[in-house]
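Chain lettering (A, B, C, D, E, F, G and H) follows the sequence in which the chains are written, and residue indices restart at 1 in each chain.
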Amino acid sequence: MLSFEQITHAIDKWLFTTFNPSVAIVIEGLIVGLCMIGLFAVLGLVLVLMERKVSAYMQIRLGPNRVGPGGSLQTLADTLKLAMKEGLTPQGADKFLFNLAPFLVIVVAMLILAPIAFARNVQLWDLNIGILYVSAVSSLSVIGILMAGWASNNKYSLLGAMRSGAQIVSYELSAGFAALSIVVLTGSLRISDIIESQRDGWWLFKGHIPAIIAFIIFIIAVTAETNRAPFDLAEAESELTAGFHTEYSGMKFALFFLAEYVNIFIVCSIAATLFLGGWMPLHIGAWTGFNRVMDYIPSSIWFVGKTFFLIFVLMWFRWTFPRLRIDQLLNLEWKYLLPISMINLLLMTLIAIKGWHF
Amino acid sequence: MIEEISTTEQGELVVNLGPQHPSTHGVLHLVVTLSGETIKKVEPHLGYIHRSIEKMCESLSYRQFIYVTSRMDYLSSHINNHCCALCVEKGMQIEVPPRARVIRVLMDELTRLASHQLWWGAMAMDVGALTPFFHAFREREAINDIMEETCGARLTMNYMVPGGVMADIHPDFQRKVKEFTRFFREKIGEYDELVTGNIIFKSRMEGVGFLSAEDAVSYGCTGPAARASGVSCDIRKISPYEVYGQLQFEEAIETGGDCYARYLVRMREMRESLSIIEQLIDNIPDGEFQAKTKAVLKLPKGEFYSKVETARGELGVYIISEGGTTPYRIKFRSPGFSNLSALDHMARGYKIGDLVAVMGTLDLVIPDIDR
Amino acid sequence: MGSFSLIVLVIAGVAFSAGGIAVSRFFVKGSSNPAKGEAYECGIPSSGTPWNQFNVGYYLYALIFLIFDVELVFMYPWAIAVRRVGMASLVEIVIFLFILFMGLLYAHKKGALKWM
Amino acid sequence: MGWSSIVFYLISAFILITGLLAVTSRHLFRSAIWLLFSLTGIAALYFWLGMEFIAAVQIVVYVGGIVVLIIFSIFLTQQTGKQLPAPVRSRAIFSVLAVCIGFVLTCMLIRQYPFPPSRRFGQNAPDMSVGAIGSQLLSVSEHGYALPFEVISILLLAAMIACIVIAIKIKPGDK
Amino acid sequence: MQKDELKTRLGQALPSATFEDGAEWATILIDPALWEDLARHIRSEADLYFDYLFCLTAVDWKTHFTVVYHLTSTVHRHTLVVKLKLDRGRPEVRTVSDIWRTAEFHEREAFDLMGIVFAGHPDLRRLFMTDEWEGWPLRKDYEDPVNMIKL
Amino acid sequence: MAFLKKYLSDVYQGVRSLVKGMRLTGYYFTHRKEVITQQYPDNRAEMKLPERFRGEVVMLHDQNNEHACTGCTACELACPNGTIKIITRFDTTPEGKKKKALDTFIYHLELCTMCNLCIEACPTDAIKMAQNFEHSVYDRSKLTKKLNKPGSKIREGVE
Amino acid sequence: MDVSGQNTPGQQPNEQHPAAQQPNVRPFPGDVHPTAGGGILLTKLDEVINWARSNSLWPLVFGTSCCAIEMMSTASAKYDWSRFGFEVARATPRQADVIIIAGTIVNKMAPVLRRLYDQMADPKYVIAMGACATSGGPFFYNTYSVVKGADHVIPVDVYIAGCPPRPEALLHALITLQEKIRNTHAER
Amino acid sequence: MSQVPLGHILFVSTALFFIGCYGLFTRRNMITMLMSVELILNSVNINFVAFNRYLYPEALDGVFFTLFIVAIAAAEAAVAIAIIINLYRNFRSIDVEDADEMKF
């Protein structure tokens, strides 16, 4: 069947045969840019709708079902409405930074998409420090939040921004350690290598207990990094009315909203790549028969499936748990996750060196 | 006065929570002085829903003024009406027929259940868990339907009249209530599963907002807020009204004094109310549902005080009559008012997140405080 | 398509956000009134500046984070080299981590990780 | 002059402009943001030089760490509401002069010294991958950096302890 | 302690007090000047120990005010009603908010709605009404043509 | 060691309690039958309101446009918040003597609190509570109603 | 079309619902008397904008008293207003589209309400829920502190009678508001 | 990258260095001075990397020097800011003008 891979490469070849390289690359860049914008929009719409439906069913209700078939157009209506809503800037706010913050957040989210492998050989830039690049760029997003909270000239915003600042930077550590424990196994930061190394099974299964621990820690950490409940102190509605984007309205608010969901997608896809083999179908050792069957499912499906499963898990957390208090939150990181992940990393190193993994 | 507060010592931040705020359950206005995230001072500002009910009642007849009181503590509106009816009956020595007494008590307990369910959902929402709210409302709706069938309204059912109840219970009443109790007995287990045992919730609640027994009495706290500190203050036990004297039920008392204790007290009260309902539902005596009363009620000259146990604590109605058809002066001693006065004492030194938890477990209803 | 994609992505991001905001600018004429620009504070006129607060708590965490961040950076090349270098790498990293772990313990003892 | 050199000059311009803004802006927070951009630009420069790892390190440590720390300290020291005072004119002029002179001199030096381009520059692109860095970092041979590696950890430990010792003093309640 | 025992007990504690009959609880009418001492007395005495002030009401009899304190004891479970007669010119009485903490809010309410001044109260401000509100709404002679529409 | 044991058991207990909660929400997520939503605007037709539900006060008219209101204003007096205004007129009976009769029954729905006191008070059961609750309008003057239909008159034999 | 009580189902007390008996007399929803630009032909763009606005009304979390409880019930599972996409209740007026004034507005609260309304971003709508918000309701007479109807403070788009209006009534009001939005010129 | 001569990169780094110096001279606020120092350090890093890339592409020592400089810069920034905060806490000002009477 026609897979993502073939399409993209056909386009690529055609461009480079018909035009001279520099023109071709410009055109290709144009296409890619449009695709990415499209991806953003679609992700925003789909994920928000998904969230609302999931929460609805967990809360024994129906959720949006009147706008469009089965409520499918609900989020579209919301987006349009937000676009048609006045975006006001409070006086006393630092206008420049206030307007800059949403841009920064969106651009950062965009940049992280570069090394993500959406399907077999479908990847913008397979750079040799893939994972490190992702964690590096994602550490930029906290600046956007601090900027927004700072510029709003609003107490709730400032409190929310400081909270999420401390929270995000803290949890970056354990996320990094968890990722490292896979890097130790693969011996490369390159995304494609990491996926390739799971040809005979996903690390989650190959890596014994340490891999599972690392996986859990990673999920918790990214939940905190994306300010999701139960770690959503930045937007703790009942305490600070809306956290760092209290003063944002209309499209600027929509951009924050969108960036939040795109970040969720990104971290989940990274988790899927590290532990569940990205687009790699479920292979088990040398069971060639089984593996071949699995290969019939196109790689893009695998990738999307895994990612959305993880996203669902995040939503499951959100709609089940109460919110932590700020000090408990930081305790969890510094007293539990960080030490555990350090020890876990050492175990993993031992396994890697001794080659005990499958 | 906000200006005068805001010039605090360097590094202290004065934040207004409310009047419009998700977690203040209405229009309570708290001026919170923070240093970092730690609460230095909480100053409640009331009156954003002060509807001058006491003044109104001075110009309403003894039949009419009852309905206004269901707007005070609308979550236990039934019990408010009950208290007023009791006070009028006390003044006129009306003998309430036994059937009416039992019906009243049943309604009270159902109201208490509904109120506690809403509290449970809302408080879980305050600490960030959104799903319990919807589960709680499923049960609450079941109660509302029963109420609606018999009283004709979902929330502000004006069902109590001096001398009994306005109408006889609906034929389906007993069946439905039995169904409900069976249904709720199993669901309350889910409550524990979802919230009570949850490690995050526990750590949010335990050791937060401590209130000692002495302070509880001195601040005039009543109801679950005081019982959680080990003060026995259940009017249903101390000075039983209606048929509470003949019933077997326990006064839920904890000694923790913190938010978690208050939480547990209310959870136990739900079970107690259930058992009360189960005791009564099958043996409602036959007979009149309303005593014969004159068309126009006149209380003799004098003072009459009656108190009942609402879902929030001790509600007192103090009527001073000059012998006319309207009260000369009427005073509602509302439980929330006194409980709120302890808020500052309870919240000091904790985090701003804890303030939300404390308010959640105090279960404040602002119109009840402001009146 | 290599590093060129970064440029493309930046441009795409800016274009996306700018486009969105431009649309709203174009379509909505907002009414304006004195209260609109004021900071929202639950409907009460905001008092004092939000920028006067001193909470070392957040800052301490950021501080310790920075240290561990640098450590993490150094561990990436290590993690890759583990397979090639073998047991020696484990020894070295154990020393490395141990020393920093001391730091963590010290911070814990001093209560720097205790929220105030 | 091809794509890459255009990109280079763009990046350089970006770095210098934002850097200049960072040291001249009168809003403390803004100048921090400009610094952030300047550092990011430098990271981009490393990317352009083909040193992805260093670029990532630059972002992680400087942008993700130091700038965040600076922003926090700005939050704490409350300078942020008001503008910074403009530099005293005499001092400004003096420093501009000094800086320009120094700059010109250095540039002249750079110009007249012919940097001998490495023989192997064109062919066999060197192994700049992280793996190489890693193994050399861990190796104990004469080109190895194992010892500095460990020493760094000591340094970090010292820094952390120092910070805590200083910071503990200022904990409200402890003073 | 029962109603009449309470009366005798208080009678010897405070000879000048007069008792009202016919009410549900022991009701004692005293001179405002003596109130604070009596309050401390009945709060502290072991056999009285009225530690719980559950209602504080201010009543406007057109000629004068009365302030009614409903006290009870969580130990002995007996109840006492204390009434103070204040003249309409300058209604002032000593605060008891330092004896029963709950009085702080109740007294503020009484001040706000009835204009009773409680000397020595920590902060005697308007509680329900806005600070710039004039008049004492619950007084019988209160008129507000703007807001009050008579039925 | 004891510290470590406690540490681990803490972790275990915590995770267990969390899993419990997730199991519950998971159950509800997977069991659609638990959904209790009633889709209001679609179920208008079959919506069953209890007959005691108090939606608004209406005056009963029979087929030949007659009601039972004598204009005694008992309801007006009973109403705690002046929702009802009775305007009476005197029309002459065939016997030639003047008789008080209802002219207009003005009912301020926007004031009414559905407290049922007027119904209780009415000696002739001329008014009752209807279940209609859809009272949303764009301007509130539309909520002030005239309950007796134009041209309606009092039913024979009602005193 | 008017809702005056003549043809309410009072005559047949056992009839469940007005619509059941006079479907043609009272089209759903409410009475849509022509509002500004109601009758005139709308452009396609207007239709799209109005469609979006009417289908994503985010309410502000604003409940002062009893009616707020019924508002909660409307949000709750049984009458789930999220079916219409109303469930995104925002705590900050900047992101909210509609204030549902659920409860009594007293003189002390009025300026707050005004300020909240002012701080909302355009376009913004107001629903007065319950007798109190509509006219002062039970507290119309003999009270010194209650605002006699929220429309003395801010312009109201839709009024609901009832004390409290049952959740369906609130849904009905929201649908009525949607109707109104669809019939207005989208502002440019 | 081969078309861009090494001199240009050095030019950029020098410019950055002196921008940093300018900030160091003119600013009186400790935090901004710290920022200037960071700029200076970065300009040095650029040099290291560039030299390594252009002149000794077979070795990695430039990279390592950069790495260690980064690490040291981080430590230095952390300590510096700790001190700044502490000064601020005690003296309510982080202006070097009044720094002279600041002593612990």
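Throughout what follows, a contact is a pair of C-beta atoms (placed from the backbone, for glycine too) under 8 Å apart; a residue touches a chain by one contact, two chains touch by 3 or more.
Bear in mind the structure is a predicted one, so any value in this text is a computation, not a measurement.
Contact with both subunit F and subunit G is made by A, B. The interface holding more C-beta pairs in contact, when C-H is weighed against B-F, is B-F. Subunit A and subunit B have Cα centroids lying 45 Å from one another.
As a whole-number value, the distance joining the C-alpha centres of subunit D and subunit E reads 72 Å.
Subunit C has its Cα centroid 15 Å from the Cα centroid of subunit A. Along subunit G, residues 49, 76-78, 80, 83, 91-92, 94, 108, 112, 116, 121-123, 138-146, 163, 166 each make contact with two or more other chains.
Across the assembly, subunit F contributes residues 18, 21, 24-25, 35-37, 39, 53, 80-82, 113-114 that each touch 2 or more other chains.
Residue positions 128-130, 137, 151 of subunit E each touch two or more of the other chains. Residue ranges of subunit C in contact with subunit A, taken from their complex: 1-18, 20-21, 23-25, 27-30, 36-42, 46, 49-51, 53, 55, 57-58, 61-62, 64-65, 68-69, 72, 75-76, 79-80, 82-84, 86-87, 89-90, 93-94, 97, 101, 104, 108, 113-115. Contact residues of subunit F toward subunit G in the complex are 35-41, 44-45, 47-49, 51, 53, 55-62, 80-82, 107-114, 128, 130-140, 142-143, 145-147, 149. For subunit C in complex with subunit D, the residues that touch the partner chain are 3-4, 6-7, 49, 51-56, 58-60, 62-67, 69-74, 76-81, 84-85, 88-89, 92, 95-96, 99-100, 102-103, 106-107, 110-112, 116.
The touching residues of subunit F, counted against subunit A in their complex, run 11, 18, 21-22, 24-26, 28-29, 32, 34-37, 39. Remark: subunit D residues 1-2, 4-5, 8, 12, 15-16, 19-20, 22-24, 28, 31-32, 35, 38-39, 42, 45-46, 48-51, 53-54, 57-58, 61-62, 65-66, 69-70, 73-74, 76-77, 79, 84-85, 87, 91-92, 94-96, 98-100, 102-103, 106-107, 110-111, 115-118, 120-122, 125-126, 128, 132-133, 136-137, 143, 145, 148, 152, 155-156, 158-160, 162-163, 166-167, 169-170 touch subunit H in the complex.
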